[in-house]
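The chains carry the letters A, B, C and D, assigned in the order they are written, with residues numbered from 1 in each.
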Amino acid sequence: MTPMSLDAMAASVPDGALIAMPPDNSLPSVALAKALIRRGVRGLRLLGVPVGGFAADILIGAGCVVEVETSAVSLGEAGFAPRFSAAIRAGSIVMRDCTCPAVHTMLQAAEKGVPFMPLRGLIGSDILAHRPDWKVVPNPYGEPGDDIVLLPAISPDVAAFHAVMADEAGNVWVGRRRECATLAHASKRALVTVERVVPGNFLEDENLASGAISATYIEAVAIATRGARPAALLDEYGFDAAYVAEYARMARSEAGFQEWVAREVFSQAVAA
Amino acid sequence: MTPMSLDAMAASVPDGALIAMPPDNSLPSVALAKALIRRGVRGLRLLGVPVGGFAADILIGAGCVVEVETSAVSLGEAGFAPRFSAAIRAGSIVMRDCTCPAVHTMLQAAEKGVPFMPLRGLIGSDILAHRPDWKVVPNPYGEPGDDIVLLPAISPDVAAFHAVMADEAGNVWVGRRRECATLAHASKRALVTVERVVPGNFLEDENLASGAISATYIEAVAIATRGARPAALLDEYGFDAAYVAEYARMARSEAGFQEWVAREVFSQAVAA
Amino acid sequence: MSFVLEELLAVTIARLIRDPAAPPARHIAVGAASPIPAAACWLVAKQGAPVRLSLLHKRSGNPFTEGTRELFDLTGQGRIDLFFLGGGEIDGAANLNLIGTGEWPGTGVRFPGSFGSAFMYMMTNRTILFREEHSPRVLVDRVAHISAPGVSAPGVFRRGHAQALVTGRCVFRFHPERARFSLESLHPGESVDAIRAATGFDFDAADDVPQTTAPTDAELALLRGVVCDEMRETYPEFCARVFNRKSAA
Amino acid sequence: MSFVLEELLAVTIARLIRDPAAPPARHIAVGAASPIPAAACWLVAKQGAPVRLSLLHKRSGNPFTEGTRELFDLTGQGRIDLFFLGGGEIDGAANLNLIGTGEWPGTGVRFPGSFGSAFMYMMTNRTILFREEHSPRVLVDRVAHISAPGVSAPGVFRRGHAQALVTGRCVFRFHPERARFSLESLHPGESVDAIRAATGFDFDAADDVPQTTAPTDAELALLRGVVCDEMRETYPEFCARVFNRKSAA
């Protein structure tokens, strides 16, 4: 397995792709999000797995996104996601509200190769009322009146996340963050940034195998040191709350966001 | 977490329980199967996850089982499972033929708390024709004529398997054998034999966490050294082909099986 | 011993958790950004109750080995006895709005989103609603959008409902059979009239509504000691502010 | 160079795998107890084809990190291009019986069971059927029970069919559009008449059926060398018997 460059990875994501990304507690590739902004990608449809975080907000702010399907976009302790909120207010993105287990379920359906899966709950929620693609049917194993929601399989064009490491065979290691595995299984292409590439093969090591995602699902790997920053990466590094708080403050205004992007995304020193 | 004795664990399995077990390549607790024979359990309904192996055959041979739901019962390289074959011939067990992904799917439905899940394939198979509990419905996301099979959730009364180790918190470690995790999640009670109990907490260790099953699903742990034998246990020990071959030879006849059970299950030296 | 509002709220929630009339709380899940409910859960645990806590955003020793899906699977299995929810708006029928105000999808004020509420509220055995801000802006007659419904039609699969709504000013008990709140207790300095004025929904109140029971010295000692110890990794700012314990990091 | 039947079969299957008229075989899964198909796959890989092999029962370095479910999920996703199946009975419409003979569930001879065949046969892009025993007992006019159907009704979701049936005596090509086999080649010493006599189902045969192409020296060298090296851990007895290579263990 030969890693590609981060910029080549970003260039491989076509305008208009349905791209799925995990949030800040779950191995986002903020490095790839920044590279996508630098590449000037447009028209992305963004799927939060199951919510969006910092990376989602900067992609929305940079005008890369036309549609968001997610259960929330949030900066966590730093509060509301400012560019997401502004885009909803301006009506500049299509928002498809979801609920966390529904995102997992739609990806699991794609993982399993079935056209839909059922999910409990949801009945009586306006989220359901705004999802014509979700169907309510009588539970064929239930009593009369026991309706259940069916959700369609979703197969993202691109899955993007940041793993701790890749091995020589192209397997990547995400530890207990198995939502990244489901996402890779369900997606047409998985693009993974990593801290490092290590010798050997995780699948040959009983301790590492269960936290690995097989290379069969991984289209490309790029090395991006500290590529999850400001998000945390398992036991490798912690959450950079100050960085996110500064972003949240600056990105309250469009001008402040542009200043932040120029400094943190486009400046050579940071991009290198 | 205080381990219980293997005999106390066997005593906790009531007659008539629906007990689910993995086959020889997937961490069966042969030690618990032998303890169940010694306890004289009766009326078990056995679910092979997704097939049955050595442990299933000895439980059937010992008269512990009234019903088997599985995609196969086989001794692998050692050939047909002799006591299973004899029981089918004699009509002494109810056989519910299944197909491997259907077993996984029915357990995943229970894991997810939904009453059913769909599965592709199966249409045109006589397995489907003999499963009135499996329903064929039009795919609500498909074209006319695109039928799909729905399978009901199955929640075993008891999940039984052999893990490498347990920790002080009662978590158990099965490595890449994640079907044991799905099984534990789906079952009402998970009874786990282990090689050893180790200090600490697997969930605090990024390398071990992804191969662990949380104690929240584990009702009880018993230490059974070499408890998977003659099956292999990950990188701990290999498959004992000679032991299984001898069993396959002796168990061709009822008398031979009884001789084998007396020696290998009931003799004190082996039971200790 | 004197106490701050956060300590009163944590102790009050802990008493609701232990309520012998409610279904047992053997396994409680606590979501992100919930330091007061987390403190209440740790208090219950440190008081010796046999409770398992799954703190979703705990970074070291995160309870889930199957990724973020596992909480919802656990809840689907019926293994989560108690969860906490809030809302940008909460109405008198315990409907929650985590979407926003104005037209869908929140063209007035957009909230971050509904997270797992549309599932958790219906599939958990019971839910304690918690929102510190008690104002007509938050506690409305009718939510603009229902993220998660307070009650469900007959026949709809649902395991539990809101047990209570705890705010910075009072405790409401929820009655799913009539889809209404009743005023259970008043925090220090509050009156029924003041609560009525600050609440956008109608609710029931007895003639004599008791005060919310103050924390005991033993409860405060636990909160400020062993509970704070457990919480400092996940909620360093909260522990510094409320318990006056600076993080060592 | 002289060769044994197993070597001929492995080379023959390898040629079917590489068949340029068939859909590409980028990812092949090989089940338990299939040393000849496994040898064929390793041969293709060692000949330089860009193929991923997932050997289900490989103990060290097992390809699956999600347990035994992953093969079926991979296949559901359409990522498994080729799989191998056999059958206690195989009929002229490529129906497979892995259940048994006599009344359901096999009161005559009970076979071990159908494993994943009812799913894999329909969801894999193509299947090579392999059964060394070529007799009227195995190759029947109509299977007693259909574990997995050879063809499906219009509208039924199905990705692929049998490409061919390889036995110890010949190769049949399968034609799903007419649900019939045709005789593709005869192993050394066989004739069309002998095959007809040993086959319980009717099949098509050209006037001039060719011989199955013998292994080349290069193919035999790979099989006996690097292919055997790869297979010894999983199939020690097969390697000892066919390639005369004793296990070191």
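Assume a contact is a pair of C-beta atoms (placed from the backbone, for glycine too) under 8 Å apart; a residue touches a chain by one contact, two chains touch by 3 or more.
It should be emphasised that the depicted structure is a prediction, and the values quoted were computed from it without experimental measurement.
Under the contact definition, chain B and chain D share the contacting chains A. Chain pair with the larger contact count among A-C and A-D is A-C, by C-beta pairs in contact. One simple way to say how far apart two chains are is to compare their mean CA positions; for chain C and chain D this gives 59 Å. If you average the CA atoms of chain A and of chain C, the two centres end up 28 Å from each other.
Remark: chain B and chain C have CA centroids separated by 40 Å (rounded to whole angstrom).
Within chain B, residues 108, 112-114, 119-120, 139, 142, 148, 176, 178, 181, 209-211, 235 each touch two or more of the remaining chains.
Residue positions of chain D touching 2 or more other chains: 60, 62, 64-66, 72, 76, 123.
The touching residues of chain C, when paired with chain A in their complex, are 32-33, 57, 59-60, 62, 64-69, 72, 76, 98-100, 104-107, 110-123, 145-149, 152-157, 237. Only residues 110-114, 181, 185-186, 201, 203-204, 209-214, 216 of chain A touch chain D when the two sit together in their complex. Chain B contributes residues 22, 25-26, 50-51, 70-74, 76-77, 80-81, 84-85, 88-89, 91, 95, 97, 99-102, 104, 108, 119-128, 130, 139, 142-148, 176-182, 232, 235, 238-239 to its touches with chain D in the complex. On the side of chain C, the complex with chain B involves touching residues 27, 52, 54, 60-66, 72-79, 123. Of all residues in chain B, those touching chain A in their complex are 105, 108, 112-120, 135, 137, 139-142, 148, 150, 152, 175-176, 178, 206-211, 234-235.
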